[in-house]
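Same chain, two partners: chain A is paired with chain B first, then with chain C.
Presenting the complex of A and B:
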């Protein structure tokens, strides 16, 4: 039925099977859209956000998808600026994932601001002293970069490529892609950092507050570094999921190992900085503000030392150790364990820096404030996942996402 | 926001934020314009 659109010599499942899969994900999307409609029509009272939690599940999801979508800018930087040419075999997937993640982040923000019709105010009435303004500027512009990076892949569709103008345009855009990739990396560094900066400048929240360099708290640099370090883990995780579902090998091992090794060393260096930051905060910053370390991890029903252990050890040290040791990263099961733990690790980090920040008491009359999302918040947070499944499925079916697919699956 | 808007102030914050934003938009715009024009000329 749609065979004319499928890349030449590529094998795909039948259209009815594909349509059923898309329909299942589509039902989840509709559930999310219904919840989104409720939030827009009835207001943010549909959420469980309150005076304690001005930032809640959406902002965690926002920061998490932006962090795991960091594989796009970092892989682009490695390929186009540092010239690691073998990554050309995985860069398309990284761009598709980046596009999904950043469009999801913007969608979540459109719900979160309550009145999306006034979203443009941040550009016209900008508060130039706000980290969030920097985030909004860089996020929007980087999404433009991702659209530009995605266009050549769309134009390489079998049908579109037959149109001479599109064929030339795709080729010419590849020719100047290094300029776009470098611009994207510049923008990413700033918005990833500013998202960390938002937490670090909260001097009224001693769990998050950090000293820093000039106007940037240390969390600014940690967020940028962690996105570059863990983003490739998510790219590789999606690759493994697609390979499992399609029962095909889509990227050669040497490409996977190269990206995994770089990610491993990035995580290692990030962890050194993160551990130093945590120790300094525990021994100097928090006590100087009148708190001791354990006051942030005790006397409540949820947050204990386990979350610190999960973030630093399970989601950091273990994946880093596996990815930097050649024998371990070349073991397929250990590799999958490492990239999944890495992805979870950075998501836990973002949870800690968004939600745990709000929970501990800061005044003498305060108590721990725990937060449970409403179903509308859950539905609108699951929405981007289902949307991502649909977009990646469409991209895999109709676009030449994996240049090595034909070679690796020759009969 | 443009410098001729009533809210504009000639300070470091506005220059850095909006300078960076317009600089990036110009790079992206010129890059795409170059690709589109080159593709049109290649048709003939």
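Presenting the complex of A and C:
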């Protein structure tokens, strides 16, 4: 039915099967859109947020998808700027994932604000001292770069490619892609960093506050580094999921191992910085503000040292160790364990730096603020996941996302 | 006409609350809500999404009967001067749309409701929980809208609001002074609703830069340390964070003064050192 659109010689499931899969994800999207509509029409009283807990589940999702979408800018940087050519075989997937993640992040921001029609005020009345202003500018600009990076892949669709203008446009865009990859990396450094700065500058919140360099708290640099380090883990996780569903090998092992190895070393260096940051905060920063380290991890029903362990050890040291050791990363099961743990690790970090910040009391006579999301928040947070499944499915079916697919699956 | 009105010395309006006088009656909260058209819900059970610009906290010394002592702490917006007292309050410095601003001529942190787009970053930044989000549309019982103050604009759903130190009263006082060709306003011309409503006279309001004003005499703010009180019985909430609040508290009781800030276990002596250095 849609065979004319499918890349030449590529094998895809029948259209009805594909349509059923898309319909299932579509139902989840509709559920999310309904919840989103409720938030827009009835207001944020549809959530379980309150004046103590002003950031909700979807803000965590926002930061998490931006972090795990970091594979796009970092893989682009490695391929186009550092010249690691073999990564051309996975860069398309990284770009599609990046596009999904960043478009989701922008959608989440549009749901999150109390007056969505005034969203443009962040550009019009910009406060140059605010990290959130920097986030808005860099995020929007980087999303534009991602669109530019995505367009050539779309134009390579079998039907579109037959149109000479599109064929040449795609070809020429590929030619100048290094410029956009470099621009994307530059912008990403700032929007990832400023997202880290959002928490780090909160000097009224000792759990989040960090000293830093000039106007940038250490979290600024840690967020950029962690997105570059862990982003590829998510790219590889999605690759493995797509390979599992399609029952095909889509990218050669040497490409996967190269990206995994780089990710491993990046996570290792990040962890060194993160551990130093945590120790300094625990021993110097927090006590100088009157807080014991344990005051942030006790006397409440949810946050204990387990979350620090989960972030640093389970989601950091273990994946880093697996990915930097050749024998381990070339073991398929250990590799999957590492990339999944890595993805979870950075997501936990974002939870800690956004949602946990709201929880501990600051005034001595105040109480812990714990929060659980409403169904509307869950639905709007699941919405980007279902949307991502649909977009990646469409891209896989109709676009030449994996250049090595034909070679690896020749009969 | 006054031609020199722009050259008036900068004010630094602030509040001193005597916690030994406060009975926790809540008059300040009621007066504030009435004065500032603060919206309320039909069911106010959940205090964490109720809007109370002035909020009275209750704390105890943690001792059992008969040594139990109670203290009530009224908490308006602290109108922080920020680190170094340069106006970079925790909330002002983070607002992405400049919807909250620091007025260097009064020291008051404003909130521009029509510019706020409801990101709530300022709420996350405020350690005092002095900022409130309008989760619902403001709805008053039928007929009650006629009692709203015409001097204060009601806020719409989806924006943040907070105590303004009854700034509209300052504007009215300035208008009067201007009309009467006076350069400046007097102490009693500009008083907040909570200060006037307090039956125990626990709340005093005035200009911390004016040595004639009661607030100055009560706490003796040190301009070289962001306004830290020289008066040993006075303290500010969370002084160690460097927020430089303009709301001071006074108490004879040491446990109350100590409750104003956090101290690492074993280093409680920092409390005395901090207040006297």
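Odds and ends about this structure:
By definition in this document, the second predicted complex is superposed on the first by the 411 of 411 C-alpha atoms of A that agree within 3 Å, B and C clash if a C-alpha of one lies under 4 Å from a C-alpha of the other, contacts with A are read in each partner's own complex, and residues count from 1 in each chain.
Going forward, a residue touches a chain if its C-beta (ideal position, glycine included) is under 8 Å from a C-beta of that chain, and two chains touch if they have at least 3 such contacts.
Being a predicted model, the structure only gives us computed values, none of them experimental.
Legend: residue contacts after superposition of the two complexes on their common chain; A:292 is shown touching chain C, with no touch to chain B. Judged by the touch definition given at the top, the superposed model places A:201 against chain C, while chain B stays out of reach. Contact with both chain B and chain C is seen for A:125 once the two complexes are overlaid on the shared chain. Of the two partner chains placed by the overlay, chain B and chain C both lie in contact with A:133. Of the two partner chains placed by the overlay, only chain B lies in contact with A:187; chain C stays clear of it. Contact with chain C, but none with chain B, is seen for A:52 once the two complexes are overlaid on the shared chain. By the touch criterion defined above, A:365 reaches chain C but does not reach chain B. In the superposition on chain A, contact is made by A:179 with chain B only, not with chain C. Between chain B and chain C, C contacts the larger number of chain A residues.
Of the residues of chain A, those at positions 124-126, 129, 133 touch chain B in one of the two structures and chain C in the other.
Per the touch definition, chain C reaches chain A in the complex via residues 46, 48-51, 57, 59, 73, 83, 88, 90, 93-99, 115-121, 123-129, 131-137, 156-160, 237-238, 240-243, 259-265, 267, 270. Interface residues of chain B facing chain A in the complex, by the touch rule stated above, are 1, 5, 7, 11, 13-14, 16-18, 20-21, 24-25, 27-28, 31-32, 34-36, 38-40, 42-43. Listing the residues of chain A that touch chain B in their complex gives 123-126, 128-129, 133-134, 137, 141, 144-145, 148, 164-165, 168-169, 172-173, 175-176, 179-180, 183, 186-187.
Against chain C, the residues of chain A that register as touching in their complex are 43-45, 49-55, 112-116, 118-119, 121-122, 124-127, 129-133, 136, 198, 201-206, 287-292, 295, 357-358, 362-366, 369.
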